[in-house]
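Order of writing sets the labels: A, B, C and D. Residues in every chain begin at 1.
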Amino acid sequence: METILQGTAEIRFTHPDAFREWVREHKRREMVEKLMTEGEAVSRCVADGDYIAYDFSSLTRGPQALVREIIRQRRRDLWICAEFTLHESALLVGGGCASRIDVGFLGYGNYIGRAVSDGRVRVFDWTNGALASRMLAGARGVPFMPVRTLLGTDTLRHSGARVVHDPFTGDPVCLVPALNPDVFLVHVHQADVFGNARIFGTNLFALEAATAARKVILAAEEIVDPLEFRKDPARTTIPYFLVDAVVHLPFGAYPGGVQARYELDLEHIDKVNAIQSEEQMQAYLAEFIYGVQDHADFLNRKVGWHRLQDLARRATIREGYH
Amino acid sequence: METILQGTAEIRFTHPDAFREWVREHKRREMVEKLMTEGEAVSRCVADGDYIAYDFSSLTRGPQALVREIIRQRRRDLWICAEFTLHESALLVGGGCASRIDVGFLGYGNYIGRAVSDGRVRVFDWTNGALASRMLAGARGVPFMPVRTLLGTDTLRHSGARVVHDPFTGDPVCLVPALNPDVFLVHVHQADVFGNARIFGTNLFALEAATAARKVILAAEEIVDPLEFRKDPARTTIPYFLVDAVVHLPFGAYPGGVQARYELDLEHIDKVNAIQSEEQMQAYLAEFIYGVQDHADFLNRKVGWHRLQDLARRATIREGYH
Amino acid sequence: MIEFTDTEFMICTAARLLEDRKTVFVGWGMPQLVAMLAERLYTPSLVQIFEFGAIGPQSLIPFVRGTMGGPSNVYRSLQWSNMNWAFAYAGTGYVDYGMIGAAQIDTFGNVNSTLLGGTYERPARRFPGSGGGNEVASLCWRTILVMKHEPRRFVERLDFMTSPGYLDGPGGREKVGLPRGTGPWRVVTSKALFGFEEETKRLTLLGVLKGLSVPEVLDGMEFRPLATDLVEEIAPPADEELRVLREQIDPSGIVIRGEKMRAAR
Amino acid sequence: MIEFTDTEFMICTAARLLEDRKTVFVGWGMPQLVAMLAERLYTPSLVQIFEFGAIGPQSLIPFVRGTMGGPSNVYRSLQWSNMNWAFAYAGTGYVDYGMIGAAQIDTFGNVNSTLLGGTYERPARRFPGSGGGNEVASLCWRTILVMKHEPRRFVERLDFMTSPGYLDGPGGREKVGLPRGTGPWRVVTSKALFGFEEETKRLTLLGVLKGLSVPEVLDGMEFRPLATDLVEEIAPPADEELRVLREQIDPSGIVIRGEKMRAAR
């Protein structure tokens, strides 16, 4: 397969056989309880140097509490998949956790842009669609996915994609390598203790990434009876055997919202987005992340019951989320 | 892209650009009513020489009434995608409609086996998974899908797949060409007049094939208010813009069943499976297909109210089908 | 005289370009407002597609800031799906229009939304990058680019080509394997409207905001767009457009705020 | 003496092979009954996966003939999905066991389920072909082949290789690009149980039905399977197995009917 053009990015690539062997040895087919605290989950599943991906957006159903826990545990040298990310990337860089970013969408704000310019974090440019396709390849156990995007651009030249001649048409086609993250973080509406999970609304690549990842940490607004899943199997987004840790984290997407549960807290989001200097960043981390014990402590001391109830009260659109 | 090995099968392959242009010109983004009779739908959408695919199985939610209508209209030289098919292939060959079959699973019974041995129909061997992957490629607008199956077998040598060296691992990988059927037939639980559709239970590749096909004929047990789809968008299996014709065909999967609506009629299925000789086949076609005007006439004169009510009454498992 | 912001002008101009009963791939922020305005005034049956999997929503107004994927954004969709499916629909040709932003463009409508200045490793300014922009520009039939009108954004050579326009000219897209017959169709700026000449695929001035002269608009650009003989006069935002935008769609002025402009009615 | 059919013996023998708390890819017909029996007697937490997208159902009994995908078959699944996802789980290594049938096998466990005799274009007998068998044999970690014991089915050279065993021997699968560490694990026939020798990947006799001799079982095969020093005696179906099969799972005898056999208890 002659490569016509090859992007220059370093890629985190796992041979499909190596991934399969990891699954065989580490993923439990047994239905065992996986309920634990976010502290345990991150401590067990996230190691320095890991490649981390997450679903959905910073503002809706993002795994914010898990991201904060990773920062609190001061993981280092993470490589993150920045898809639909806004402030998570900034916080992970600010906390000194992330050193490399695969970019779909890097996130707004001067802080993250400056960190790139200063060389404090290395970026590799892809696209949202290319990263979703890479995740699909990872989930199907194949080494790559063909796409008809990236072609002709600098994005391609700076990505880790390759262009080859498609043998069926003879035309050039772009191949993006499979992505098998070390860790996938996902915040869901409902889960059972085994890891079966439901997401309401849309998602980026929840099932793809859960299937493709070595370790999956599930944060759930609500823990429900396992029988619920068997009674409505069409609603299951992620089956239990893909999942390594289940954490019950109500308001875990805060300051983002979760559909039909609570609205986003724009005031707090503005506070994060306003971070420009290193000093502001460290002050934010000190107050809201290092300065609290865990998610419950954060909600209790830094957000408060009244605010949480207000955000929940504003989530009046329920249609379709069941 | 150097081909290490290439299967010998003739393939029906459409350049992704040609398919896109067909979509641009023929698929209506407008929400227009597409309700018509099965006679009109087949007469408008199915031409001699077309490539036809269908979902799901002969025994559950298969588009049996549409297949019978194709036979009744005596289409010729069809190329069919036999995935999970049992007696449809046999009936289409018996009616002189099908001349080529891409085999996932050819179907049981002596009649179809003999037709192959006699050279009355040409078969090309694939696998169920390969055909589903080909459909996925067709639905993503890319020329092929990589798979790690078929490799090393005669199935590969007699398919239209190719083996190349994957540029990321250096290992051989199999590429299956995109499949863009001319017509996709699907029987669904619910549809609206525009073609939005819901399938309850599992499916083979309903959305993949609907996206990949030039023309989609939807047969529905029930026509519902379009607003129903907007109120529960997570339940939409197929969006309207993929669909060309909507046919209201209660009991349209008969003699197969439809989950939570009616059970299969094993007596009639046995009658079809028992067909061995050409004479038996022609007698069956004459009585149950050529001898009736349409699906309603078939149900009325050849099945009867009592039998239909009995099959419906037996469909007592409703859990999850809503 | 009518007063409005540069953003309002871009939104109104873009909204007038959309065709009813067609599909459009909608990006984050301004394109959401364009679709909302068009849906209310011009194209009630426009079908919106979002990269995060909302197909055909009837988004609620007022626009909720930051609600990409939230309940008001995806309200009454026809289908809730995911990213691979949203792009599959675009990849197979079901999406007529796409709308994306740009930091720089060149004469062939190639787009930079990644960085300005410096090197790739150490850019002087770093932006979010492609997001789904590259997919939209690669796969939708007609791409509409929306960009604030600053002459320095029209460059001979992009600092980085994030998303494809016509690349190096006619046939450029096909040569690299992009889908045939696609490409940038219009460029909406805060002062003008551009298209692309059929033959050369070069940026062509189609219209300028009423009251502005052609030289005023083109002054300072690194390359000179082609101009049709009859450069149209673009009407400023109409009262009704502004009313719907300001009162119904963005009453808190989150997106529509911007540089003040004025034009004769 | 205990009386049973060849099918009952294969079902019981296969059911005893499955491991609890593991995933198994279940094909149509006989494998469905194997899984049902195992679930009831030996492996209550076995997770069944079907190619048409049912993940982890607790299928209702009695077995309804022809109900691949019907409500009793997919009852109380953990997830209702589709074919591409079912095979994605297998492709990424989440499926431990697979069970498929065969018309012929060779010494390396390669499988023919496509045709017998004649040419490819004009076979003497044509069968259904791969179905999902090729995927199961390619992607699951351990494949169990189930085949009626007729010596003529054990051949030197298959009339057609539908699904891969160890191909031409050790390393054969890896050489052509199949997933590492996979392959046929057991062959269950109506008289015996075979495995594959670690070194040579050749078919090895592990056990014979109680009362049968090794020569009786191997007689007439085109190739001679290896035999372990200690060929086990396989117990005939136990009363409890037969009771559950006949009374609960297949009371109308649709699948379990077959050639009558008998053995000492």
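Simple rule for what comes next: contacts are C-beta pairs under 8 Å (C-beta built on N, C-alpha and C of every residue); 3 or more make two chains touch, one makes a residue touch a chain.
On a predicted model such as this, the values are computed, not experimentally measured, just so you know.
Looking at subunit A and subunit D, the chains in contact with each of them are B. Ranking B-C and A-C by contacting C-beta pairs places A-C first. Rounded to whole angstrom, the centroid-to-centroid distance between subunit A and subunit B, based on C-alpha atoms, equals 37 Å.
Look at where the CA atoms of subunit B average out and do the same for subunit C: the two points lie 40 Å apart. If you average the CA atoms of subunit B and of subunit D, the two centres end up 28 Å from each other.
Touching two or more other chains at once are residues 54, 74, 76-77, 80, 84, 87, 91, 139, 179 of subunit D.
Taken residue by residue, subunit B touches two or more other chains at 16, 141-142, 148, 166, 171, 173, 201, 231, 233-234, 319-320, whereas all remaining positions touch fewer.
Looking at which chains touch one another, you get A-B, A-C, A-D, B-C, B-D.
Those residues of subunit A that touch subunit B in the shared complex are 1-3, 13, 15-16, 137, 141-148, 162, 164-169, 171, 173, 175, 177-178, 200-201, 231-235, 319-320. Those residues of subunit A that touch subunit D in the complex are listed here as 16-17, 19-24, 27-31, 138-142, 196, 207, 211-212, 229-231, 233-234, 236, 239-242.
Across the interface of their complex, subunit A is touched by residues 50-54, 60, 65-72, 74-77, 80-84, 87, 91, 110, 114, 118, 120-135, 138-139, 158, 160-164, 167, 172-173, 176-179 of subunit C. Here subunit B touches subunit D in the complex through residues 56-57, 59-61, 84, 103-108, 112-114, 116-119, 122-123, 125-130, 132-133, 136, 148-155, 158, 163, 166, 171-174, 201-206, 208, 257, 259-260, 263-264, 266, 269, 315, 317, 319-321, going by the rule given at the top.
Interface residues of subunit C facing subunit B in the complex, by the touch rule stated above, are 21-23, 45, 47, 54-56, 58, 74, 76-80, 84-85, 87-94, 96, 139, 141, 179-181.
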